[in-house]
Amino acid sequence: MTDLELRGITHRYGTNVAVRNVDLAVRSGEFVTILGTSGSGKTTLLRMIGGYLFPSEGRVVVGGRDVTRLPPQQRNIGTVFQNYALFPHMSVFDNVAYGLRVRRMSRAAVRERVGETLATVGLTGFEKRLPHELSGGQQQRVALARAISIQPSILLMDEPLGALDARLRESIQLEIKRVQRTLKITTIYVTHDQNEAFAMSDRIVLMSHGDIVSVDTPEALFMSPPTPFAAEFVGHCAVPVRVVRWNGRAGQVLVPGHEVEVTAVGPTPEADKPCYLVIAPDKVRVTEAPGTTGGVAAQLRGRVVGRRFTGLNVVLTIDLGDGGRLTALDPERRFRDDDVVHVGWNGDDAKVLQP
Amino acid sequence: MNTRRWYPVLLPAALFLIVFFVWPEVQFLRLSFEEYQGQARSGGGPTLRNYTDVLSDPFLRKGILTTLRLSAIVAVITALVSYPLAIAIVRAGPRLARAMFVIVVSSMFMSGVVRALGWRVLLGDSGMVNDVLLALHVVDTPVTLYGSFTGVTIGMVHLLIPYAVLGIIPIVESVSPQLLQASYGMGASRPYTFFRVTLPITARGLIAPLLLVFALTAGAFTTPTLLGGGRVGVLSIYIREQTLMLLNYPRGAVYAAILLVLVFAVFLAGFLASGRRARRAKRRGPAATEVTP
Amino acid sequence: MTTVMQAPPATGDTAVVVPPSRSSARLDRIWRIGFGVIVAALLLFLLAPLVVVILTAFNDRLVAFPPQGWSLESFRNVPGYMFEALWLSVRVAALATVIAMLLAFPATIALVRGEMRGKAALLAFFQSPLQVPAIVQGLALYQLYIALNPWGVALRGSFTGLLIGHVILVFPFILNAMLGRVAAIDTNLELASYGLGAGFLRTTWLVTLPLMRPALIAAGFLAFLVSFDDTSISLFLTQVGGATLPLTLLYTSEQALSPMLYAMSAIVVVFSLVLALVVDRVFGLRTVMSRD
């Protein structure tokens, strides 16, 4: 069953269109992440769902009810703000109790619900603290508790982990996911971090310049990004290429600066649009000399211009000349900066995409 | 929130200001164009007579010039002496800074009348200031300070230093200590750093406090009355004299109107100066307005 | 000043960096000492009249500094009307502050958070009393009260009339302090409150108002002082027999100086100092006085 439905949502500030004609349906209990860079319109979209902004066009439907013109206080939607927005003059208890008191719950019921909610986020015993006496992670959990205390129909989270350090971020990701699954609460999560989106979401909505680029599961988005932009966003390389010939689902392309034709797959490219060859870094084979390893021919000559050690792996940036750049993995740590290498890939792994 | 719903929220304050501020201002300006018909009476008009009377008679005109001269001198001196005080407060350690701040501000808390009474004792012919000047052989005979332009100037500077210091502190704070350290680190001396870093960055910021002090001096009443001894006639004293003693309401209104125009011109100048700065900053792009890294 | 530190001469790629000379260290010391002396002299200048007022109060018969003969006589000689004037000043200042706050608070919320046309003009209008000298405002109200008299509105010389003048006097100070504070409040806090189901009034009462508390105290404090110090408006709105304290001191000193006058002044000094110290202790003077 559908919990949230956006129909043709548009938001303009003057002539500037922040969100353009967005349609989206979110199922009950689903965890959907809106992923995009700053300025992509993701926060504007979230604010329109919460009622903090009204769309210029389109409708917001929550649980079958049209709430497009309702102010936030009549929507029963929980929001975790980017900077948490905890009331600094209230204790943890009062922060979490705020929405319940507004709903005129009895004292005893408020105490019980706040206790339960704080237990859910693992903050029992912190009731009397003030927000500034808590660590960043604890503040984040209070904000979550406050948002879910009102048993909202939808939970909105706007870059909730942005202010936390990397290590803490991972454990809180798991924590949020656990709470969300226990409560089966429909969640819309906004982030610019694709790893965060991959780790938590049932589906990812990728946005760029106010448009939805794709709506898909994390696996599908990573395996087959629909556009060069989406490909680069999830960490693939996109090399501009020229199509030599195309035959149905596959064809031959030329990488700039190289004479060798390489095979790629994908729908037939349109003639008037630039083409990009998109490939996942783990599918790129790197060798010293030109040759064939494991049935893959490494024919394109390039130079290592960047080498990044990530702990589990080494990520190489390889310059193919004429603006073509590839990202590849080097798990055996064989290559150094400035090494001359040869790269190749299986034709089925390389896709030609157009923006 | 709906646009129209906000106006009623403004209504109480707006009504109060219109009835007890805007309306009386309009009334008294109208009064300044009425004919004087004997004590406490006026009517007829409109006439420019009251204005031409005041502006053509050197004796009646004097108050305007005295006010301008006093305001200009007080503004310059106050800005000059408040600048080092503000720097000292910003750059000193927390305890010393707090002590200095309390001294500066607590003198602001003292009623202006009380402070003027204090100066009256110090500035008398046999007061402490003259005693010191005589002892140091700076002068041979006591200087007339109480009841003179100089005495009023001293009292006004003292009165307005706290306002100027409060205005200058944020400007000095905008020069980050890192900037100074960078200068020292490159081998520059303190005076060099002051003249090449601190002063150029803050100089423009002194204009606003300077104009504020000018405007406050122009409208001041207590200090010129108490330290002028009836011999330093500024506009506020003329207004009191004409209105409350001579009961020449139209002429009192003329002086008030002149004072109003004067102060308004100063604020306008300040507004234009800050506007030009903002425009220039905009042209240069956002980086130019950012002083702290 | 350019002689103090020349840019190091550039000799190709290897510029020679000249280390700071010893003379520059001496220059620094002279500079710092000179600066310290100037600041100390200025602080002394600021304190001088306050000290003088207090010590002069202990003269027995003459007004002189340093005092000629020590005595507490002057304090006993302070006439009752001085204390009546003090009480009037305190009442007017306190009431004017409270009324101006009640007027300024809704206006502040609307001017900062409201979405309406002509906001800049409205803001300028509400701040405009600050640009009119108090003596002009006093004269204008005086003329208004005279004009209203035949209509049966007797504000001239009344407490209400005086109070109105002081509300106008302190209103822009309070408004400015409140505007600065509300603008500094994170709007997300208010949005969070709406999201949790609270309406506009409840959000203002439970979130905005408590967060404004320090600014309200600062504004109230400043307004009280401005009103308590005023002579310009009160000059026109009171009569010689029933004037506020600063005016009563002014009128009396225009007749003659007496140690009693300084005794009363000393009482005011101590009163203000205690107020300043209490505020400094409780809130920190610096946070209260500096604008956001």
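Going by the order they are written in, the chains are A, B and C; count residues from 1 in each one.
Here is the rule we go by: a residue touches a chain if its C-beta (ideal position, glycine included) is under 8 Å from a C-beta of that chain, and two chains touch if they have at least 3 such contacts.
Protein names from UniProt, one per chain: A = ABC transporter ATP-binding protein; B = ABC transporter permease; C = ABC transporter permease subunit.
Note that the coordinates shown come from a computational prediction; the quantities given were computed from them, not determined experimentally.
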| item | value |
| --- | --- |
| Chain contact graph, described as a line, ring, star, complete graph or other shape | line |
| Core chain by centroid distance, with centroids computed from Cα atoms only | C |
| Inter-chain centre distance, subunit A versus subunit C - centres from mean C-alpha coordinates, in Å | 53 |
| Gap in Å, rounded to a whole number, between the CA centres of subunit C and subunit B | 14 |
| Chain centre separation in whole Å, for subunit B relative to subunit A (CA means) | 58 |
| Subunit C residues counted as touching two or more neighbouring chains | none |
| Contact footprint of subunit A on subunit C as seen in their complex | 186, 188-189, 191-199, 202, 206-207, 210-211, 213 |
| Parts of subunit A lying in touch with subunit C, wherever the complex brings them together | 50-52, 71-79, 81-83, 85, 87-89, 98-99, 102-103, 146-147, 150 |
| Of all residues in subunit B, those that touch subunit C in their complex | 1, 3, 6-7, 9-10, 12-14, 16-17, 20-21, 23-25, 27-28, 31, 81, 84-85, 87-88, 98, 100-115, 117-122, 127-128, 158, 161-162, 166, 169-170, 187-192, 194-196, 215, 218-219, 221-222, 225-226, 236, 239-240, 243-244, 249, 252-253, 256, 259-260, 263-264, 267 |
| Footprint of subunit B on subunit C - complex, ascending | 1, 4-5, 17-20, 24, 27-28, 31-32, 35, 38-39, 42-43, 45-53, 56, 63-66, 102-104, 106-107, 109-111, 113-117, 122, 125-126, 128-129, 131-137, 139-144, 147, 164-165, 167-168, 171, 175, 200, 225, 228-229, 231-232, 235-236, 245-247, 249-250, 253-254, 257, 261-262, 265, 268-269, 272-273, 275-277, 280, 285-286, 289-291 |
